[in-house]
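Here the structure comes first, spelled out in structure tokens, and everything after it is commentary.
Order of writing sets the chain letters: A, B, C, D and E. Residues in each chain are counted from 1.
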Amino acid sequence: MTIILFGILFLPIFSALSITFFSQKHPSISAGISIAISCITFLLTCVLCAMTQSQTLPIEIVYTWLSVGNLSVDLGFLVDRLSLIMLFVVTGVGSLIHIYSKGYMGKDPSLSRYFASLSIFMFSMIGIVLANNFLMIFIFWEMVGLSSYLLIGFWMTKGSAADAAKKAFLCNRIGDTGFLLGIILVWSCLGTLRFGEISNLLSTNPAAFSSLATITGLLLLCGVIGKSAQFPLHVWLPDAMEGPTPVSALIHAATMVAAGVYLLARGFDIFALSAAWPQGLDWLKFSTLDVIATIGAFTALMAALIAVQQNDIKRILAYSTLSQLGYMVMAIGLSYPIAAMYHLTTHAFFKALLFLGAGSVIVALHHEQNIWKMGGLQKRMPITFWTFLIATLALCGIPPLSGFFSKDYIVAEALHKNAYLGTIALVTAFLTTFYMGRLFFVSFIGRTRSKVSDHAKENSTIITMPLILLAIASVFAGFIGIDSYLMPHYSSQSLANTNMVFPYPSIDQAPDNWFKMLIYPFKHAPMAAILSICAVIAGGFLSFIFYFNAKNDILSSKFKTVSLWLKNRLYFDELYQNSAVWLQDKLALICDFIDRWIIGGIIIGIIYRIVDLIGRFCRFSQTGNIQTYTAIFVLGIIVLSYWVINW
Amino acid sequence: MNFAAFQLETGLAALVILLLILDGSCKQSLHVAKGYAAGIVGLGILLILSFTYLKTPVVIPEALIQLDTMALGFKRMFLALGLGFFIINQNWIARRRDNFISYQSIFLLSLIGMMLSSSVNNLLMMFLTMEIVAVSFYVMVGYNKKTEQSLEAGVKYLIMAGLASAIMIMGIAFVYGISGTLDFNELAEFTPDENSRDAYWMGIILIVAGLGFKISAFPFQYWAPDVYQGTSAPTTGMLASASKAVGFILLARFACAAMPLGSPIITTFWAILAASSILYGNLCAIPQRDIKRLIAFSGIANAGYMMLAFSVGGTMAMSAMFYYLIVYVFSILGAFLAISLIETEVGSTDMDALSCLPQRAPFAGFLLAVSMASMAGIPPLAGFMGKFLLLKALFIRGMADTPILILAIVALIGIIISIYYYFLVIRCIYWPANQAYLLRTSGSKIFLTSALYLAGVISLIMMILPGIYPELLLDGTDWMASTLGELLQH
Amino acid sequence: MIATIETYLTIGLGHYLTVSVILFCLGLLGIMTRRNILVVYMSLELMLNAANLALIAFSRFNQNLDGQIMVMMVVTVAAAEVAVGLALIVSLARHKLPIWIDNLNKLKY
Amino acid sequence: MLLTSILLLPLLGALIVLALPASLRVLHRTIAITVTGIAAILSLFLLLGYQGGIQGYQFIHEIPWVPSIGLNYRVGVDGINLGLVIMAAWVSFAAVLVSYEIRQKEKLYYFLLLLMCGGVIGTFASLDMIFFYAMHELALIPTFIMIGIWGRGEKKVYSAFQMAIYLSIGAMMVLAGIICLYAAGGAQTFDMEKLAGIYSQNPMPISLQKWILPLLLFGFGILVGLVPFHSWAPAAYTSAPSAAAMIHAGVLKKFGLYGIVRLILPIMPQTLQPWMEILVIMALINAIYCGLIAIRQKCFAQMISYSSLSHVGFIFLGIAVLNSIGLTGAIFLMIAHGFLAALLFALNGRIYQQIGNTSMDSISGLMQKMPFIGMILSATLMAGCGLPFFGNFVGEFMIFFGTWQSHYSWPTALAVFTGLIISAVYMLRAIRRILHGNLSSIASTAIDAENTWRKLPFILLMIALISIGTYPIILTNKIKDPVNNTLEPVISLTMPDTTNSDSSK
Amino acid sequence: MWEKLLNYWSQSAPLLPEAIAFYILATIAILFGFLVVANPFSRAPINSGLSLLCTILSLAGMAILLRAYFLAAILVIIYGGAVVVLFLFVLMLSRKDFKIVFAPTRIRFAIGMIITILFAMIIVPIAIQIPVSTAVSDSVPIEGTVSAIGTLLLTKYIIPFEAISILLLSAIIGVVYLSKPETKGKSK
């Protein structure tokens, strides 16, 4: 077991190192190493799953990494259902995308660097998944930030890519500031950073945080906001599409951005604490979960709106990712981590598929990403077309595809708990279908809109094979029982203080075959299921009207102002540019000024000049006249003797 | 009568007479080289003798001069220093194509005075040795009689020194009158009663003023910058080193004998003198552009540091002061080797002129830089150890006596300021300002005789060795200061 | 009254010293005020002689001759000093410089 | 003996170089590489031979020097300086390796460089305060000269001069403080260990501590570049040849920090608290202010100088919070930052040497021409903004935790903010400007490190940085015991206070 | 009362000559001393020189009063005979150029006066109040005769007596060099 865990964690970094040191000059070898190792980790994950079937979870393996005073940081593995699911997603989608990358990146001269970075990413992501304590998560959290940075900026000679990479890293860093502070608070309040101990402590003593509970939760949330690109730090994710498409698929759709949700699920015990504020701030009544739900809902809606008016295929998908992440976060906020994890898993499959499909299109169109220059691809690229269709439907939430089930849980829960959030969830579902329909109709259906799309051809097997595999996963992930697999994880933990409502009253009452699962949403909350299907149909219908065989975007000509705002992403980038960046620039300018002129010039200058002046002044007593000298000589004697004699 | 105490001086006097005879008897072209060689060999032999023949101190009570440990140590120092300056003088004379004997014989005679001064045990001898040195310096300062500057410096020195010696004689008269004796040992045992206290102190202050002139302590220092600047470099060097050393040696003996060092009043008295000298010297040195003038001001400051020892009192402080003095004196030797080269070759002692040293006489440039660094107190040079020992003594006293810490702070500020101008000199040597850069490339390489190298090496050894292994010199200075310990006990 | 007369008539150490000190001060005054170098130098000699008087007086009243030996030395040294000093002043005069104190001001600051 | 040989090897090398004629250029370099290399390898034996869990110093070697005043040559290591000595040895080795850029007056250069190397190793190995001080000066003086002779740019002489004045002032204050320590206890010894022992037995009078503590603190502060006494640093590092900047910024500057740990904390615990509260604020100012300035810099060298000052702020913070986590972090960060600063200045030197300036406005796209250097540079800059698995991260987060533990809430927040964001802003900006983007014409002639010898210094330092970052326990386990001993007097004094404040909170 | 006065006279009569001599000499010394430095009638250096001679002669007189016969002679011979003559000699050599007007002398005189008075205010009271360490009048006063001083010089003070020769030698060489006219050629 230990060996397998070590293998899963460290094989990727081994691959990265060996690529860096030995096969930098041989791209194909590098690709081979990397693909092989990612597949091996996937196999090891399967073995691990199989092994844990017979064991009681969670299993924790701990090595001390650092221990000073009462601060102790472990290199620890925590294997439970949560981490296993996530590990499965990461390694599974990861190895598919590794394979796809080989086809997609093709003859890029820096292929070795690409695969090395990808391996670093795998390492870091697996680290996050397996970590048993907050600081280890934080460490790998930073490392995924790094690999994301490296991969977004892969084409670094392109200014926009380099800028996007920088932006992504910085936004993540802003979130991480809060995250680290949150970790420090957790440590100072609880004295430990291990998840297991934390949940034990909190179950015995829910007031362990005393007045800092909500602040701690919010600070930890900052990390999530940064990594999962929630409002207000969402601006980096669309820009991150400057990176290679497989990277977008893996990192910025399937796994890394979902790490935030994973963290929320992981540390749910802390987030689920009821509102507690220190003195002076106790007029703030809301709890962490309220904030999480609000942020998630807002992000979901906002991103869906923006996606409506984007023209870049990858950007649409990016906003869609944002929107879906919003769903997940909202689910956590509704104290429903299982739904969030469920949606995370299904979303990983179909969103990866969407991105890979988009990548396939982009390759075929020689790196044309504007949907208005595509069109008529259903004949020319059949495999891509069909898989993309499946993914789109899954995303929109058409039963019986996977997306429907996971999304339905969230919508149902939202409607159940909070009508506003429920409405937002439904509107977002409608918008999702609308923009996906727009994307689909414009880029795939109808006549070709440019020469490049005329000459599009289906890609080779190495690209299509992962598409097919992911499509299968997207179809079936909905009713293989991911939710019921996760249930024991949460029921085993004492969450008495939260008002968490399980989809099933208990594990025994879970549907026991796939068909029951298929219809369970309609049994469980028929209202929510029907409403969401209606929203999907409405969205699909509208988009069909507007965009089927459309020459241009009707919306943008009809609602100019709204469209302009949406096209410009609600001017968030400009806002940040003019506020935060401006402020930072000006602060830096002031400090620079102080340093250069006040400290370097005036203060030092003044001290120097005063000393110099005194020197010059004293010097003038050397008049060159002997009689002055004698006078001072005698005066000195007079003063000394007067003073000594009258002592 | 202590015959041992003036054996070396007798030898030196014989050397002078030998040189004078050589001067009279030899042909013109030969005698310079012969006299030069004889001088170096003679001084060298005496130096060796001072280490081998005169190893043990000879102390005879009641004798006017003593060969105690302090005397022996300083005689050695003066001989080594004399050897160095003899060589530098000769170099200077040779470049001026001047008369060999008149300058060198006066110099050697002043050296006799200096060596005698280290043995002094009596107010009369104190006055006399001081005057031997002073009269010789009148001549040496005004020696360059073709230039107005030198003469002006000579007359200034003459009048100021005359005033100082008159004041000192008056002081001696008072001290003698009250205590009834001229002898230091008896003086040490004497304490004035209530009636005569004022007169006694008046006498002491007058004597200190006279000696303060020699060591250029504030406010008796005004002559120094003018005279240093006006006279020729070798003389300046000796004024800055040997003459100051004489002042300090006499002051150490006198102060230990006649003043109750360590008592509050005396501590404050010296503290004021020291602090004002340190501040005045360092502050005034900053704007100077003439290297000799700068060294004059730095010399005032250095006198201030050494006076800290009197403020502290005790053999440890005295030992530190001796250490500092010896190191300082040899740093000056090294510095003036270079400065005299500059003066004769470039004809100016402006700091810009120093920039020619690295090209034309790298060894001299290096020597000057090292001596500046040593005076600035940069480890592992000996100057650091000197400052360190003085500060150590000061702080140890200050721990019991917190007001002394103010003095320590003043000393620190002084050291910090001094770093600025010492480094400025180094900068002028190696990294000159643009207009001075031209000087660097013009002119041919200056030929340094092997004797000059010898002088430089003496200075270098004394600047580096005691810094790296302080025990070498510190043992000696402790040994020397033990003499004063006996005086201090009374 | 009689007692006071006696103190005036009994010439003691204080009397001599007073004369000596007054002469000393006069010498100082000369040094500080006269402009002719030679006169300044004479004032210096005056101070030396004042000190000599003090020494002789002290010697007498201390009942030992050390002070007188000291005076011998002072006189000798003074003579030598005067010789050297005057030689310097003569050299100065050779430079066609008027022997004024105020002319000696090339070296300053 | 081991320590003595490590620190004497470079000095011996210096003497050999001095004795050889100037024409044997290759030989000078070979000797320098050999001696520093051997010293570096020997230093690893310290790590192997160090026995944890033992009180006091190990590898002690003592030679009486001036016994009359209690001055002895005494070297030894405990957990606190073990890492620093090893770091000094390796950085010295790397500094010698990058010195191939020097093409004139090589004899003098290697002589001075080896003096520096011996000096820095000696500084941290010395247990005697005077040797500690003198070794520091021994390393410092060559720095000035090297900047003056082989420096870069128009203002090199001015920079060297300014640096000399500043640092001499600081050093003088430190010297005075050291002498005070010597004098105050009546112990009359310069031995750090004995002094700490004596003062723990009978504490120094408060009236004296009031004088000595600020004297030492600000003396050390000037040497490290505590704002507002930092003006010398950017100017000097910009002008310095790489080796000098590496050794000074990387190793020698730690003298001040190390001095605070060794000479202030254990000896003057009684008056420490208020000063350390001030120091927390000054440290934060250092970190934030210098970080912000670094954002504005156009010249890469200036930027890394300011970033170095900013990092030093964290170290100050770790020291000032007075708890074992913070102090361990501070010491760890000293070591990590030593490697980091050395790497940065080495890279800066390489870029300067290839391109002729380091202005971030004119250089871009360098990654294409120099993949190896570019990779190392990006890794280093990433390490500089506190990325995990590099040593800096470990040190920094320990400092953050330590700061919080001492109940400094806002300082922790500000420190985390600075450490994570401000540093990232300028570091990433540098990567973006220099490495990414289109290749600028000025950079088109640049060539990558030609062979393994050229790559070696970077690789060595990078390995060091990563290995302490991934396996920090190798150092922290050794650091924490002496740190606890160091803090014991302070903590025992403030214990009643902390319990009170705990209960009040 | 007359008796008393007579009685007193008989007691103090032996003191009278010495007292009278002292007062006369002291007056002369101070008067001429004043004339050396601040002759209100003439600023000619020659007057200063002659006044100095008078002062020294009166000082020699006082030396005789103090039983220092040998020194009195020395003072007259060396100072009166050599030093002052030397001064006058140099005066003749130097230029008699009085026309140049210099910086305000009055201020200088005032400053000098103030400083001198300050100095006098400190030192004169000390001189007046100085205690006599031993009772002089009772014992036989020590006499500075030639033999007494000579004996002392050649026994106890032989070293300074010899050492002074070094000073003289130095002075001789110096004076010879300094007063030699400037050599045209580079002779030696």
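Just so we're on the same page, contacts are C-beta pairs under 8 Å (C-beta built on N, C-alpha and C of every residue); 3 or more make two chains touch, one makes a residue touch a chain.
Note that this is a predicted model, so its numbers are computed, not measured.
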item	value
Lowest number of touching-chain links that must be crossed from subunit A to subunit E	1
Third chains touching both subunit D and subunit B	A
Chain whose mean Cα position lies farthest from subunit E	A
Closest chain to the centre of mass proxy, which here is the mean CA position	D
Chain separated most widely from subunit B, comparing mean CA positions	A
Contact pairs, highest-scoring chain pair	C-E
Centroid distance [mean C-alpha coordinates] between subunit C and subunit B, Å	28
Gap in Å, rounded to a whole number, between the CA centres of subunit E and subunit D	71
Length of the line joining the C-alpha centres of subunit C and subunit D, rounded to whole Å	66
Distance between chain centroids, defined by C-alpha means - subunit A, subunit C (Å)	98
Multi-chain contact sites of subunit E, meaning residues that touch two or more partners	108, 111-112, 115-116, 119, 122-123, 126-127, 129-130, 133-134, 157, 160, 164, 167, 171, 174-175, 178, 182
Overlap residues in subunit C, where contacts from two or more other chains coincide	13, 17, 20, 24, 27-28, 31-33, 40-41, 52, 57, 59, 61-62, 64, 69, 73, 77, 80-81, 84, 88-89, 91, 94, 102, 104, 106-108
Multi-partner residues of subunit D (each touching 2 or more other chains)	none
Each pair of chains that touches, named by its two labels	A-B, A-C, A-D, A-E, B-C, B-D, B-E, C-E
Interface residues, subunit A side, partner subunit D - complex	20, 64-71, 135, 138-140, 142-143, 146, 153, 156-157, 159, 162-163, 165-166, 169-170, 173-174, 176-177, 180-181, 184-185, 187-188, 584-585, 587-589, 591-592, 594-595, 599-600, 603-604
Of all residues in subunit D, those that touch subunit A in their complex	227-228, 230-231, 289, 292-293, 295-297, 323-325, 328-329, 365, 367-368, 375, 382, 385-389, 393-394, 397-398, 400-402, 404-405, 412-413, 416-417, 420-421, 424-425, 428-429, 431-432, 435-439, 472-473, 476-477, 479-480
Complex contact set, residues of subunit A against subunit C	619-620, 622-627, 630-631, 634
Subunit C to subunit E touching residues, read off their complex	2, 5-6, 8-30, 32-36, 38-39, 41-43, 45-46, 49, 52-53, 56-57, 59-65, 68-69, 71-73, 75-84, 86-91, 93-94, 96, 98-100, 102
Subunit B residues touching subunit D - in the complex, by the definition given at the top	373, 376-380, 384, 388-389, 391-392, 395-396, 398-399, 402, 405, 408, 412, 415-416, 419-420, 423-424, 427, 430-431, 469-471, 474-475, 478
